[in-house]
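Input: structures, listed below.
In the two complexes that follow, subunit A is the common piece, with subunit B as its partner first and subunit C second.
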Partner chain A sequence: MRMRRLPEWLVLLLPAIIVTAAVVLIPLLFSLYSSFTPYKLTRPSTLWIWIGTLNYEKILADWNFWSAFGRTILFLTVVLNLELLLGLGIALVINRITWGQRALRTIIMFPMMFSPILVGFQFKFIFNDNIGLVNNTLQSLGISDAALPWLVDAKLAMFSIMFAEIWMSTSIFAILILAGLYAIPRDPLEAAEVDGCTAWQKFRHITLPFLMPFIFIAMTIRSLDVARAYDIVQIMTGGGPARRTELLWTLMSRTGYVDARMGLANAMGYVSIILSIIFTVYFFRKLSAARNELGMGG
Partner chain B sequence: MVRSKITKVLLSAVAVSALTTAAHAAEDWGKFPGMTIEAKLIGGQQYEGLYGRIADWEAATGAKVNIISKKSHFEIDKEIKSDMAAGTTGWCVGSNHTSFAPQYEGLYVDLKSGLSSAQIEPYVDGIIEASTVNGELLMLPRAQFDVSVLYYLKSNYEDADKAKAFKAEYGYDLAVPKTWKEMKDQAIFFADPPNFYGTQYAGKDEAIVGRFYEMVVAEGGNYLDESNKPIFNSEAGQRALQWFVDLYQAKAVPAGTTSYVWDDLGQGFASGTIALNLDWPGWAGFFNDPESSKAAGNVGVAVQPMGSVARTGWSGTHGFSVTNDCENKDAAFSLVHFLTSEESQLAESSGGSLPTRDAVWEANLKQAKNGDDAFRAEALAAFAEGANHAFAVPKIPEWGETTNIVFPELQAAIVGDKTVKQALDDAAEGVDELMRESGYY
Partner chain C sequence: MAEVSLTSVEKYYGKFKAVHGIDLQIEDGEFVVLVGPSGCGKSTTLRMIAGLENISGGEVTIGDRVVNDLPPRERNISMVFQNYALYPHMTVRENLGFSLKIANQPESAIDKAVDEAAHILGLDELMDRRPGELSGGQRQRVAMGRAIVRHPDVYLFDEPLSNLDAKLRTQMRVEIKKLHKKVGNTIIYVTHDQVEAMTLADRIVLMKDGHIIQAGTPLELFDAPVDTFVATFIGSPPMNLLNAKISGPSMVLEDGAQLPVPTDAKDLVRDGQDVVLGFRADSLSPVGHGIEETGLKAEVELDVQLTEPLGTETLLFVDFGGKEVQAKMHNPRHVAVGETLTFQLQIDKCHLFDASSGRAIRN
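Entry: the complex of A and B
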């Protein structure tokens, strides 16, 4: 009796399939399952109690969750756009420099090398109302005689955590856009120069369209990153005061690890994935459109 | 029991060094050759000194201690919860705290099963009671008993002009505050922001809820009723929260106080820019040390103020527990007993922390009284008085979770997003839902 042999392609792919299933698929399915249970870390037996969609119903009716959801969208939108503008500016400036470009490229990557926790502590100190660098500088220069509550006031606190996030990650945009600038063919730019185009016209109609695929790739990567913003916010404000800087991940981590309500936290995680999916789909569509415009196909 | 009584007599009769020798000679820690005890311990400067003594226990018993994790209490807490979820609870000894103990259901063994009543009797009764959940003694307390008292800058009470101005404004003599109202008045009076503040308070997490709880009780209310239903949104609760709000609105506290926890408060008072500071015993030495504090030499310590009904003290105690899954429980019992023994507590409390054994309290008070350190004597007397009014948090697994519901609402009232009543009603609604879900009523 002959044993049925698996097709070769499947045999070759099997190790990858098994590893992917073990480290991605099974944990994903497990967390999805647990979101339908009242699973508490401190009561492992609760993992086997099925409560249907109760966690999801709770989340849908939870004003604090949707406030954090909205705040995360705001955070994401402002941070991504400012990082893009600053990254683009830095890349354009570095691209023009003819001496010391390599050293500068390395220097602008420094903030990326810091751990987010370290960055959080650094800016927590810088923005401290009492002993912080910013208030002391403002007071020493006579600009303000008040202790500005950088990490307390609703607007200032959001500004402070955005500032820290932007400081740390703008260089990602700068490096990716710089790679795009290096890839732009010289011919169209030289032709535009011969035709008498201004610097703005060359940038708007030649450089920018060539950069758009790079920009959208950077946007996609960073949108996934920023939607999971946690370390910096947790260290600087802990989501407070009064939930003024609460983002999805500070809320989820408190629910899951401090309150030990992992079932509910996982349900929050699955609802919040909607956000990442929307941004990813949007940026991929934009990326395809940008590539089509350049005649690079969808 | 007899040996314990004799030890007590000895403790009260001789100096601390002699006591240490006597206690050392009296204890038999057992023999556990070749055994290894895995431990997860709280880390941090004030806790590390005790761990240096583990080598003595190893030498006496022949066992080894392998510290597999050493982190802050909040990080250890998360790690232990993950261990419980993963079923990896085969390690033996864990740091614990009276506020955390009730939530680790089924993790730790009842220490009464491994220690005799004579061995448990020398600890302070109230702390043993706070360490007992559903009739099970879940941890043995180390010399890290926490109740907060009032640290203040003495110079503010030695200035005749200030005294005159205060009396003119408030109608009574300026003296170290005896009530929460007096403390509020004085904090507002002393404040000169942004250079100097009247007081400060921990403004987030369990830290602010604990202080609020203490004040609710001092105002005649309570946090939960007997069925664990939230009742802190009472008039007493509103008066308690109003105290925080008034200080914040008057700018008598730093604007960032809502993000402060213990280290921020300690560093703030040590900077010499805070007039009145409610804080823990572990900071006493730090505040009066010229190396670490600008307030050194100018620090007074007094019992915590009282509310309109009572003087209260939200308190907690660090300790050590033994897991149910530990394979060498006898050795683990011996280790936690050793770490909380008289000699260990004498050594640990010499750094300024408060003991949890009656005999060590007596020895420390006597030594301070007879010694030449007036500040230490003043601080110990204040903490001894403060401890008389101390109580632990409700012994339910949901305590921590309730604080995560309540603290953002307290903050909302403080920063002006909600009225005091609205904030407390919203917090009570959230806690009520949690308690219903947990099956209390």
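Entry: the complex of A and C
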């Protein structure tokens, strides 16, 4: 009997296919399947009960889920925009410095070197209402005599978390934008000067268009990063108090691991992935438009 | 329209002195070419006039304004850069109109000026393209168009043709000259190519190591170089230079050959003086294949080492006075390598330079 031989291309691709299937495809399909079951970690047999779209229906009607969803979008928007502005400012300043630029470039990257968990603990201490640095400073300076509930009040708690997130990650924007500034050819800038541009016009009409691709790359990376914000929030407030700082991932992890309702948590995951996809597609579109505009193609 | 004048202009980069006190008066409407080898300070000088480099010392005036401390945008100049320096994210139309838009000109005025410039440079068809979609020559034309829309006092060109291929360069050279005829503004043009300098300039300013070596019309520099550097830099092929010693009424070359001293140079040299004899290829030709000239001549027998036929003339490389020199054969016939010919040297067309300083004794 002649063995049927597999085609060569398939044989060559097989190792990659097996690995991809094992680490990505099968878990993905499994989690998708489980979102159609009432799977509870504590009762494994529930994995085999098919309940159709019941989990999804529950989510769509769940106020807690949608407020976490909205809060995540708010968090994303504020954090991304502020990081962009601050990062741009830092990059422009560093670009102007002629002495000590290397050292500064390294220093601004320090926040990125800490584990987000530790950053969370640090800011949890800083914003603590009794022993925290902020309240103590405010009180010593006589600006406020009451202890502000930084991590308890809904608005203040969101602010504190955003502050920590921005502190930790602005340097990503700064570094990427700085790389963009280094890549701008000198000639068009000089031509603009001769053409009569003031410093602001030069920035607006020449520098900024050249930076746009870099800004959108940073935006894409950070939107994915921020959309899965978990560690800092979990450490600082745990999503609380009373869900006041609940974001998608704190909600999901509580549902999945604390309440052990993994089927429901997986369904939430699939709904919220939409968010990341929308942001990514949007920024990639913008990125290729900006690149096209500069004649970089792609 | 404006005169430009430079008075003792200096440029330091740290301790390094790139430009040594340059003095230069440029007339209104004049086409001046700054030429010299790389690193001679010509581009730096241009960039100081543009305001893209600080002026370390001296004074630059455009029209009747001292511009030392004015930023480029207040100097009313236009500049064409070596790498075109177009704005890649703008169309040709936007590139051309950018300076007017920045100056808050009304839309209609911008369109009119842009169309006019586009027409002069033949860019009408390309208005909606981006620089990335243009060829080198087209980009250079856009760069020139961007310079002329504004009607500035002075045009500055910084090696605008050096990124183009030889054929395009010749074409663009003609276009630049026509453009100057048409707009009539003052132009300061930097190049390292002496052919560009010779063909374009009303006046050439030849620089070396941050100094002006000689300034004058192309023919002045060609016919009366002030030293051996100018003699070899201007003209193609470069002037032949031979070491010689004055001995009574003759000059003795390194290989012992003797030539008479040019008629009117006899009083300018002293016996025993070391000189450099300079002559252009045109002054050394096989008998019967030269340009008829009056004046003192000398005949020498020389072996041809190499020939370069150019059509209407042939360059002959020959060993003369211990060096390889170039001679020119008009109405050429075929010459075999190794052939011995009788050459006629126009002694009275020869240049004499002092051997130690290189300065001209006789032009």
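Keep in mind that, in the parts below, the second predicted complex is superposed on the first by the 285 of 298 C-alpha atoms of A that agree within 3 Å, B and C clash if a C-alpha of one lies under 4 Å from a C-alpha of the other, contacts with A are read in each partner's own complex, and residues count from 1 in each chain.
In the analysis below, a residue touches a chain if its C-beta (ideal position, glycine included) is under 8 Å from a C-beta of that chain, and two chains touch if they have at least 3 such contacts.
Please read all numbers here as calculations on a predicted model, not as lab measurements.
If you put the two complexes together on subunit A, you find that subunit B and subunit C both fit without a clash.
Of the two partners subunit B and subunit C, it is B that touches the larger number of subunit A residues. In the superposition on chain A, A:7 makes contact with neither subunit B nor subunit C. Legend: residue contacts after superposition of the two complexes on their common chain; A:209 is shown touching subunit C, with no touch to subunit B.
Of the two partner chains, neither subunit B nor subunit C is touched by A:52.
Once both structures are fitted onto chain A, a short way to say it is that subunit B and subunit C open up an angle of 150° at subunit A, using Cα centres and rounding to the nearest 10. Taken over all C-alpha pairs, subunit B and subunit C come no nearer than 52 Å in the superposed arrangement.
Shared interface residues of subunit A (contacting subunit B in one complex, subunit C in the other): none. On subunit A, the positions that touch subunit B within their shared complex are 41-44, 128-131, 135, 139, 145-153, 237-238, 240-244, 246, 254, 257-262. The part of subunit A that touches subunit C in the complex is made up of residues 185, 187-188, 190-198, 201, 205-206, 209-210, 293-295, 297. Of all residues in subunit B, those touching subunit A in their complex are 74, 77-78, 81-82, 84-85, 87, 103-105, 107, 193-194, 203-205, 254-256, 258-259, 267-268, 271, 273, 397, 400-401, 404, 407-409, 411-412, 414-415, 417-418. Contact residues of subunit C toward subunit A in the complex are 50-52, 71-73, 77-79, 81, 83-89, 98-99, 102-103, 130-133, 146, 150, 156.
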